[in-house]
Amino acid sequence: MDPRKLEALLRSIQQGTLSVEEGVQKLRTLPFEDIGEAMIDHHRPLRKGFPEVIFGEGKDAQQVIRIMERMIEAQENILVTRLDEGKAKAIVRRFPQASYHPRAGTITIQVNEGEAAGKGIVLVISAGTSDIPVAEEAAVTAQIMGNRVETLYDVGVSGVHRLLNYREQLMEANVLIVVAGMEGALPSVVGGLVARPVIAVPTSVGYGTSFGGLAPLLAMLNSCASNVAVVNIDNGFGAGYIASLINR
Amino acid sequence: MDPRKLEALLRSIQQGTLSVEEGVQKLRTLPFEDIGEAMIDHHRPLRKGFPEVIFGEGKDAQQVIRIMERMIEAQENILVTRLDEGKAKAIVRRFPQASYHPRAGTITIQVNEGEAAGKGIVLVISAGTSDIPVAEEAAVTAQIMGNRVETLYDVGVSGVHRLLNYREQLMEANVLIVVAGMEGALPSVVGGLVARPVIAVPTSVGYGTSFGGLAPLLAMLNSCASNVAVVNIDNGFGAGYIASLINR
Amino acid sequence: MDPRKLEALLRSIQQGTLSVEEGVQKLRTLPFEDIGEAMIDHHRPLRKGFPEVIFGEGKDAQQVIRIMERMIEAQENILVTRLDEGKAKAIVRRFPQASYHPRAGTITIQVNEGEAAGKGIVLVISAGTSDIPVAEEAAVTAQIMGNRVETLYDVGVSGVHRLLNYREQLMEANVLIVVAGMEGALPSVVGGLVARPVIAVPTSVGYGTSFGGLAPLLAMLNSCASNVAVVNIDNGFGAGYIASLINR
Amino acid sequence: MDPRKLEALLRSIQQGTLSVEEGVQKLRTLPFEDIGEAMIDHHRPLRKGFPEVIFGEGKDAQQVIRIMERMIEAQENILVTRLDEGKAKAIVRRFPQASYHPRAGTITIQVNEGEAAGKGIVLVISAGTSDIPVAEEAAVTAQIMGNRVETLYDVGVSGVHRLLNYREQLMEANVLIVVAGMEGALPSVVGGLVARPVIAVPTSVGYGTSFGGLAPLLAMLNSCASNVAVVNIDNGFGAGYIASLINR
Amino acid sequence: MDPRKLEALLRSIQQGTLSVEEGVQKLRTLPFEDIGEAMIDHHRPLRKGFPEVIFGEGKDAQQVIRIMERMIEAQENILVTRLDEGKAKAIVRRFPQASYHPRAGTITIQVNEGEAAGKGIVLVISAGTSDIPVAEEAAVTAQIMGNRVETLYDVGVSGVHRLLNYREQLMEANVLIVVAGMEGALPSVVGGLVARPVIAVPTSVGYGTSFGGLAPLLAMLNSCASNVAVVNIDNGFGAGYIASLINR
Amino acid sequence: MDPRKLEALLRSIQQGTLSVEEGVQKLRTLPFEDIGEAMIDHHRPLRKGFPEVIFGEGKDAQQVIRIMERMIEAQENILVTRLDEGKAKAIVRRFPQASYHPRAGTITIQVNEGEAAGKGIVLVISAGTSDIPVAEEAAVTAQIMGNRVETLYDVGVSGVHRLLNYREQLMEANVLIVVAGMEGALPSVVGGLVARPVIAVPTSVGYGTSFGGLAPLLAMLNSCASNVAVVNIDNGFGAGYIASLINR
Amino acid sequence: MDPRKLEALLRSIQQGTLSVEEGVQKLRTLPFEDIGEAMIDHHRPLRKGFPEVIFGEGKDAQQVIRIMERMIEAQENILVTRLDEGKAKAIVRRFPQASYHPRAGTITIQVNEGEAAGKGIVLVISAGTSDIPVAEEAAVTAQIMGNRVETLYDVGVSGVHRLLNYREQLMEANVLIVVAGMEGALPSVVGGLVARPVIAVPTSVGYGTSFGGLAPLLAMLNSCASNVAVVNIDNGFGAGYIASLINR
Amino acid sequence: MDPRKLEALLRSIQQGTLSVEEGVQKLRTLPFEDIGEAMIDHHRPLRKGFPEVIFGEGKDAQQVIRIMERMIEAQENILVTRLDEGKAKAIVRRFPQASYHPRAGTITIQVNEGEAAGKGIVLVISAGTSDIPVAEEAAVTAQIMGNRVETLYDVGVSGVHRLLNYREQLMEANVLIVVAGMEGALPSVVGGLVARPVIAVPTSVGYGTSFGGLAPLLAMLNSCASNVAVVNIDNGFGAGYIASLINR
């Protein structure tokens, strides 16, 4: 669909160096392969700046390994999320070059280093200690996507002076990821202190009327700070991903 | 049910100064009267420390006036809430001694002054300017119940330095009422700054996923500050009422 | 931020007993330490009247013990909530001075006795027997915060005469905590009988349309008694905490 | 489908007094007529003990009148619900024999008096004055269905002694209809005081988290009294209807 | 509170056969005992026509047995609901006279037979086979409360001709309990076929948008048949209980 | 993307009858035009079998007329839905050839008659009289899309014998559209009687826990009849549209 | 109720070849049998075009086997859904002629082959690999109901070019079943590309605000493509069933 | 809190050029003024890169004008959102230099031009014509914050080829704002086509199960494209604001 490629292709037909049948074929063949269930899109690095990510939940270790094998042949960086310890160990046994991040529940394999370094710092903040696994998923994601990542944990709003102590660090970040459960107020307070985009991640931490993260989600969507956008509950990966794009 | 009164009553029967029939009658007659639809409980001041409150919504001016007339005979303080301007004016015409508080949408008549003065200051805080009507309803309620009331408006969490500027005022209050819509984060931040009870009032101010105040309500119920209790959405009256009891 | 401390600090600089650099440093150093994940705020007793509370759910026994060790050095009272029997036993083995309250699922260590005794009685009421664990969490919390605590269990509204039998006890309490699942009506009935603040705690006890405690929560927020404020579902700790502050 | 009628019909065919074609016709012709949009089922009195009811909401006065005209020809009792004053007056002008009940928003025409008198008293109780229109709809419905009806209004649970004053009246009723908005606790308290069935009607009276009557509905469904069953929000008619059947 | 008892009591005081102190005592002593956690109300049979019911869920076998022991001394009929097989067997070992109803998950002990027999038949209908446990809980409850009970299972609305086959049986019942999950339509269809009260019980059977029984609950509350009232999701006991009262 | 068209196009380039630039242009020009806000897709009839439909709600008469003018030039059939009487009259004044269907709130202009006649009958059924506007919207839609349409109104499940009377008509339909509010049970009953696809349309008719049509929607999604699929609340147009496709 | 059968029956009575009693009996005996809990309707194939389906969830292997045994005697095709591997193996041991489809969690026994072949292709599309079990349930259902079935998996909307690659296949299908979790957008995109009916199946795949499939369900109900109708969350069977009826 | 300013201040005290009292005062005076209800923070441009925004909803024209007058003195750029035509005209009469954007419902006054130009293009995309007001609010916001803004309207997913026609324009944008109601699928499709951040805005456009924008909100939060973050329903301003920060 790229007009220049299209023009070149049509010109080869005009010049007879490509047959009409080959032209039809080329125009219709998109560059992905079928490995049974899950199609892997090798053009994704070109289009999106990052290889396919494997969502580990609901897949067993063998399924994950099969997909990883194909990706490694293609010389791609790999991020596998939502792995419990059992699956993670089985995968690391198969791929000794893989790094396992237990708090984040992720595995990474960095084939191509140094690609697309982010411009500034991605700062990942968590309200409570229970929000850290989600925060770490965001941090690992941003790291493998080529960003300098800093973290600031356990600075929830019921002790707002703790947060204010780190005000300079907040001001220096280029993108901020703020992870919070319970009342989900931290992104609003952080958003009011900085002049950069804040990606808010509600967590399912809490009980009673938390309703699995609905309470902080609604709080974040209703933030009185205008520089806050929200991703799905517990979606640390998504926050790290979009923060990386913003940081380019 | 008061055992001393009961003892006295039984003793009169024993002594023959009260007939059995009168005794049965007395034991069964509770001190309230029926004025048709709405029963007014004159013992309420004794039991509860405050006269009956008239919820003005859904009643027309004439209905409100009829109830007020009976109350005034009984020499009671009166608070009428949820009045629009039209009804309020009709009522004030009838009772020139009444005070109309337009921002709060309430009318008060103070028959017995000085009763039951609160021990400390009730501080009413609002996050935004749109939360002020609810905050004023709370303030007027606390005032007529005999409290010193201070207000601090428009100090929402997206500019947390504004709030911190008033930290001393926060620390000096005995009870705090915090009124907020949108993400409802203010009670958590205030709760973390003070060592006194905070009554949180969610407001229906906001749009989209505020869902008529559900978002701040959930945030307040999930507050990470442990000194926060919550009343119903927009229930400024209830907040002022319970804050007054706490302040006694 | 305390103006008198600030004045003293500035005066030392004026008098040359403190260098400018030290002044900047002092003004920026807030008194909390970082022990890795969870920051412990030793100033909390000064600011809030009570030491840090450890929410045991989601932490393993070793994590709880590590945090407790640091706190004990700082000579602080400790309350650990939401502990199952296994964790509790491991903790008590490590700290023989700890008291385990099995019905409440809490552990307490009282280092400084007698602090900040409450003025009156905190009365904890439960509607059904299944609400007792939450009620006990509230009672233990109020107790370690220096209050005289009484309890009154299994007096739900479907047998309102049971409750009325205890009317005097109700009238004598300074603050009331009312714990109820199912239809959550008990706080409204109790609230109508007393002239003191009622903290209502909905529980997730019930089935079908209880929706994990949503039914009693809504009932309590919509209470026709004006002296009722509500905390989160099953949040016995929060109720005990705010009741203690009210009772001071 | 009545086997005796069926037998008689088949016997007429056997005996030749009815042709097969007439038999097919009779078996397939059910006794209702088509008057365009709304089919009126004249057999309803036989089957159900009461004539068709007209739900007035969403129909204009002329539509209601057209349906009533057909019913009156058929000598049926008529109940029209959910009428505002305008529609009601137009209908009464057309049918001077109709009775208009303004608080209930209903019109009744009693053609056949005295039918199917209920065995005992249907007692209609309301928690607040704002619940009265729904309570009246229930009372009028039970009345025209041949019951002795008593009412007891404004006895909500925040003043439970008011209700207890009427305990004898409660005990004497055969069926109780309890109408309540806000926290919806009244049916549970009443249900605990009597040994007869209680039909609970939640009303949309309330604000904030009442959510249009959801709060009292959930409370009533979760009642700890086992003799409570619930009808739809504001459904006074339905409550009066089923109470009448219970009372037969 | 019974006026005749009250009169007698006062007369004894007048006549000197009862001292004032004894009178105060008698008036204040309500007839229940405290066995620790759960108060048992022995007057319940008088007031309510049926002994205390033990809700087995969340209680272990020993707790249930302790409560039952006290009840048996008082010569009361007993119904224990929501028992899994393990608990049930332990209880039956202790009380060989107990009957265990495995499909209903209940245990009954009938001490006083023949009491308060219902006037007609209570017919329990279920839509699907998965609704049977709830239906059986209703049936056992109605049975021990002295009613003739019939059951009709697996007659859901997607095969409405099956139901119609039993039309006579439907018509002969005095009260009908209709248990249904999924779309919850069966009570509306049954309600349209009979002229007697229908108690509808939604079940949590279903998946996806059943939302744990919310779908059939809403359907039943919105029934276009006016002789339908609803109890809580899966509340077979409550349905059997109120049906028994209606049948008296 | 049609491979034959693509082949022809490439062949023209190969043969030099089309320049490369023209080829690029042709491949990228999709056949729709921009008339400002709303793009009209003239290829829609080819792709979808029916012209663009104008959703009238939220557009004023002039906006609708402007879009219609462009469509009429293109010789297309037109359906405008959700029109109140005022808008409808203004539109009919401008296009005298338009037919206005007041009960359905739609306008149709049939330019090309007789296209794509459906194979069988589309039968539109409504439960109550208040559901008729939605049912009519479905009927008009199916009619202008070339189907024979029959209607059967006011046959709700509380009088299931009415429905059964029309059983033959139900059996003869090729597709059935069943429109119902309240408990939304009719599609399940109809679905059990026929062996053809049933498109269920929940309506927002009802009150209380209907929650604007949520109750019948959930009932329909949980239907125990497997031949039922559902469209959005009040979406008569969508039901008529997909029924037409099924009927081809 | 079939008038011709009815006529024949009545004629036999008229002619004396059938007694009245037999007539009553025949008219009232519907052709299903009672095998205890679950009634099996052998007329279903005639009425509905397909034998009874056994919903395996909540039934143990023996219950399923008992029902299957009766069905096999009646020479009917059988589909058992929602079977885990353990149950499935037990069933296959009993019925060696049964086919087990592990990804779909279903078992089929095809007694009568070739019946009622569908006219065109039923194309089953899934958005992600996790949606495949639901998609397979739909595919197996459509297959045993006599349709040619094609599948197209893992073509979600975040890579819309993948889907477009299969555009021809989409255009050739007669009915499309589109299975999607997460944002549930695929049916809208597919619906916009084809001119045939699309049956959308939301899945409970996803996390956070997926709310067990509510998110894709709402998206599908609000589809801007008018040729989309929706079945319950995870209801692959229902989608395959109605698609089969459409394809006849 | 800026350490250099702090150092300078302390140094003046050390050097005696500032008294201790003045120091305390300066440290405590934050640079905002109180103009009654709404505090205006003049430091906001420094901190946040943009002046205060006035949310016009719920304020009358005079209130807006009063706030604007103070801002204009301070030489700040102004954005007023959510204005209906009446208010807008009154404001423009008072400030002839103001620009009114009727489709967006906003007024802007650009005092300081050329500030902080964005690096790339902000592309605002809407799914339907009814989403345009929200899209325009986003576009006007991004424009006054110094960005080049392009718009692409009416390219919803049911005609995905329309969108693909603009693929180059999508690829060239630095930040994309995607506004959609109904099924909210557009951000997922756009997100899959580009390698830049996508800010998704759900709108309340739709009916039935749209639930005021809840359906598209959930779809966007559950997007299978990882470069999508979400703001509140109808929050065009917030989307424009955060997109501007990303674009810097």
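By written order: A, B, C, D, E, F, G and H. Residues from 1 in each chain.
As a convention for this text, a residue touches a chain if its C-beta (ideal position, glycine included) is under 8 Å from a C-beta of that chain, and two chains touch if they have at least 3 such contacts.
What you see is a predicted model; the values in this text were computed from it and never measured.
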| item | value |
| --- | --- |
| Shared chain contacts [subunit B and subunit H, defined touch] | A, C |
| Equivalent interface positions on subunit D and subunit F, same or different at half | different |
| Per Cα centroids, the chain farthest from subunit E | H |
| E-G compared against E-F, more contacting pairs | E-F |
| Maximum centroid distance from subunit G, chain identifier (CA atoms) | B |
| Whole-Å gap separating subunit A and subunit C, where each centre is the average of the chain's CA atoms | 38 |
| Euclidean distance of C-alpha centroids - subunit B vs subunit G, Å | 59 |
| Distance from the mean Cα position of subunit G to that of subunit F, given in whole angstrom | 25 |
| Overlap residues in subunit B, where contacts from two or more other chains coincide | 3, 28, 159, 164, 193, 208-209, 214, 217, 221-223, 232-233 |
| Chain-to-chain touches, reported pairwise for every pair that qualifies | A-B, A-C, A-F, A-G, A-H, B-C, B-D, B-E, B-H, C-D, C-E, C-H, D-E, D-F, D-G, E-F, E-G, F-G, F-H, G-H |
| Parts of subunit H lying in touch with subunit C, wherever the complex brings them together | 3, 6-7, 10-11, 13-14, 16, 20-21, 23-24, 27-28 |
| Subunit H partner contacts - residues on subunit B that touch it in the complex | 129-130, 132, 153-155, 159, 161-162, 165, 205, 207-209 |
| Complex contact set, residues of subunit B against subunit D | 28, 30, 32, 37-39, 41, 57-58, 202, 204, 212-214, 217, 232-235 |
| List of subunit G residues in touch with subunit F within their complex | 1, 3, 47-49, 53, 164, 167-168, 193, 195-199, 217, 221-222, 226-233, 237-239, 241-242, 245-246 |
| Subunit D to subunit C touching residues, read off their complex | 127-128, 156-160, 164, 181-185, 188-189, 191-193, 206, 208-211, 214-216, 218-225 |
